[in-house]
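Pasting a structure here, questions to come.
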Amino acid sequence: MTADIIGWNRDEMAKRAALDIPDGSYVNLGIGIPEKVAQHVPEGREVIYHTENGLLGMGPVPASGGEDPELINAGKKAVTTIPGAAFFHHADSFAMIRGQHIDVCVLGAMQISEQGDLANWSTGEPDAIPAVGGAMDLVAGVKTIYVITQHCTTDGGPKLVESCTYPLTGKNVVDRIYTDLAVLDVTPAGFKVLELAPGVSFDYVQQRTAGKLLPAKG
Amino acid sequence: MDGDGGSPLIWINGWFFKMIDKQVDSPAKAVADIFDGATVMIGGFGEAGSPIELIHALIDQGAQNLTVVNNNTGSGHVGLAALIENGRVAKMICSYPRTVGSKVFPELYRSGKIDLELVPQGTLAERIRAGGAGVPAFYTATSVGTPLAEGKEQRHFAGRDYVMEYGLKADFALIKSKQADRYGNLIYNKTARNFAPIMAMAAETTIVQAERMVTAGEIDPEIVVTPGIFVDRIVTVANPEQESKLVAEGRFYP
Amino acid sequence: MTADIIGWNRDEMAKRAALDIPDGSYVNLGIGIPEKVAQHVPEGREVIYHTENGLLGMGPVPASGGEDPELINAGKKAVTTIPGAAFFHHADSFAMIRGQHIDVCVLGAMQISEQGDLANWSTGEPDAIPAVGGAMDLVAGVKTIYVITQHCTTDGGPKLVESCTYPLTGKNVVDRIYTDLAVLDVTPAGFKVLELAPGVSFDYVQQRTAGKLLPAKG
Amino acid sequence: MDGDGGSPLIWINGWFFKMIDKQVDSPAKAVADIFDGATVMIGGFGEAGSPIELIHALIDQGAQNLTVVNNNTGSGHVGLAALIENGRVAKMICSYPRTVGSKVFPELYRSGKIDLELVPQGTLAERIRAGGAGVPAFYTATSVGTPLAEGKEQRHFAGRDYVMEYGLKADFALIKSKQADRYGNLIYNKTARNFAPIMAMAAETTIVQAERMVTAGEIDPEIVVTPGIFVDRIVTVANPEQESKLVAEGRFYP
């Protein structure tokens, strides 16, 4: 049994996260797997997407050839607008984030600590080019922070840790984590397993986590 | 979207789903949960932009002991002046509580029945924006060396003195707009815009009286002034009363 | 000789102040005599008027019957817009003032001190209703502050004083004063008389000023 | 108003007078007085809103030792990346100096030839707005507990920690707009708006490249995004280069 055939794939992780986004939410999606969440919001829910470069009411990726270099998202990819969208400048856009008007943000992660600390912007290596973008604003300002990430690093090391070794994006900010192996809440007592991927056991997840796991029901 | 308060439905795979729709049926329903002791920001500079139907609904609703944030204190015996005259306001936060034809506030103030926090107009605007933008405090040169700076923290930056002012938030904002869509995207009319966009940002619950509902998308995304994220409830008031007319007619509310 | 037949009248005071407003300026005019300045800007100069309730490019008073209760100035009177006007909200409007973008502000005064302190918002009497509006923002933020005022109070007392007894609007903020008797600059050495109204002598002005006057040329 | 840089004249009582007109003839003239050591804010988020013709004119002009404020550091070898590559930038203030196809900045940074002040994107935006609004400093929750808060003043307000950040001003801003009139009233195109309106507020001299000049009044006063008071010079660039296209073609500037 190898890590790549057990657990949820990227789309399944995004789909699982999408289930937890309430109808009518204002949502900001990070770059990478989080972007896929938009494709999996359950039918019947209407969710409004915010992109921090100045657009509320972001629509799907345009058809090939319909790209406009002046209509992009925070990942600098071409997007579209829904009817009822609005453009605004950067200070107004971040007022939405920092003033706690965005309901849910879904981000990627390098490490998440038991206390909900998030590291997702820098390895802290001396020759790394530090680049933070809007990540620190999002975790400080958005009401609910979800993280979608592989449970382990490509080396098989843990990403869910007792305390982060990488430079932090924010302290005590993560609410819930969606990995390929499980859905976990950050609680005062530690990571609490809400749900396991098909065929994945609690012990299997615990072995790959550098912090104490709590079962969903004691 | 029929513009009269009906809930828009969308048909997906054989099912009808309710779409986001922030419309409510009446001013009374829109203000129903404003509680005793709430802080309420009310848009308007004088009568321009004053959401008079929402204020009247708030008078009917009966909430007491309110802290009200508005640039002024109303005039005559309608709108904000009537809210004050009916004894609902414990404290005003404003820049200019003295207007031609404004008798209600001065009398209550002189008899010690209402509190006043006097704030320079620009500081008031900046405090409201700060409240909406997650800024708990900032520094400004306005009021330095004056009685309004007394008791406030002062600090020197690059050769000049500044006072520290706090961001201002509210439980509710009552504002008036020209057009709204079901998401709460708003545009305003001329200088009736004034405090409305920043109050919408600073309130936990923003309640709008719009002269006209339009279909989502009818307001060009380039010209939206208040994006819907800052709006919670919209009630259509197609032909709002004009405060100065009511005052000229000597009207009282209720 | 009585005070009301010597010196400039209100329109002449406004006209004299208007002479000093540079072509292309952004100008905010206070309520009262300052409002009259707009009628006297010399031909050939284009000046843009700002009103702090959210309009740049304010035009003249509308013809009777053309008033719009939602198009008013800071004095709550009906105004018009020029082609090229812009509306904005209160925080943006005061950003123009407080961020030092307005070139000239013309205000009324109760007292002006030799140091350029201005008192124009409250008599400080116990039963007065304090009301400040945008005056403190204007004097703190606008680059050049002009004051237009009668030289003396209605009782004949001085308004130009060694130090203000009324509550201040701002400290060391006034640049120039236009009275019915003279035009005076606020300088580190005291009030400097730039110009006298026709038939008014330096001594006549000095007798009505509670601070030392300096002649234009030593 | 002919839209090609001619000065509008008005006829009064038999005389022609020059009206306010902020147009200049060319990008070269528009940037001619940018001095060595100046702080220059440059609009744009990636290529969206990047005033590439003004940047190229600045490269030609030769100013050195600049401090540049931009969200990124450009890509390829044109525009902002070319300004950096040509050794004109001593320091970048930005949030994300790492982009696909961006090699210029990383190499200079690793070799110690350029300084970097890394600022969270929202803090950067708020600092620029504060600079333009006369706010010398404010508090924000962003970056608390992270390396970017190190050395910054911290303070507790109502149960939460905040860091103090300073307002940011510039000597010049270079921005791109969709339309402009002779007063400098601007509207933008979609997400190319991004930092331009706040940079226009924060700079002593704001220089705009507009795709189209229109007559004063042609932009509805309700939809003006940047009022002319924040703009000093406008140059028409009807068909601006597209950065990503130049990068794809492997182009270098100059």
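Lettered A, B, C and D in written order, each chain numbered from 1.
We take it that a residue touches a chain if its C-beta (ideal position, glycine included) is under 8 Å from a C-beta of that chain, and two chains touch if they have at least 3 such contacts.
Keep in mind the model is a prediction, meaning the values are calculated, not measured.
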> Which neighbours does chain C have in common with chain D?
Replying inline: B
>> Quick check: how many Å separate the C-alpha centres of chain B and chain D?
In response: 34
>> Just the number, please: Cα centre separation of chain A and chain C in whole Å.
In response: 56
> Which chain B residues reach two or more other chains?
Replying inline: 126, 129, 133-135, 140-141, 188, 190, 221-222
> Residues of chain C that touch two or more other chains: which are they?
Replying inline: 55, 81, 87-88, 91, 94-95, 97-98, 141
> Where do chains touch, given as pairs?
Replying inline: A-B, A-D, B-C, B-D, C-D
>> For the complex, give me every residue of chain B touching chain C.
In response: 45-49, 71, 95-99, 105-106, 109-110, 116, 118-126, 128-129, 140-148, 188-198, 225, 242-244
>> Per the contact definition, I'd like the list of chain C residues that touch chain B in the complex.
In response: 51-55, 68-72, 76, 81, 87-91, 93-95, 97-98, 117, 122, 124, 127, 129-137, 140-141, 167-172
>> For the complex, give me every residue of chain B touching chain D.
In response: 126, 130, 133-141, 155, 157-158, 160, 162, 166, 187-188, 190, 220-223
> In their complex, what parts of chain A are in touch with chain B?
Replying inline: 24, 26, 43-46, 48, 50, 55-57, 81-88, 91-92, 94-102, 141
> If you look only at chain B, which of its residues touch chain A in the complex?
Replying inline: 10, 12-13, 15, 17, 19-20, 129, 131-135, 181-183, 185, 201, 215-217, 219, 221-222, 224, 227-230
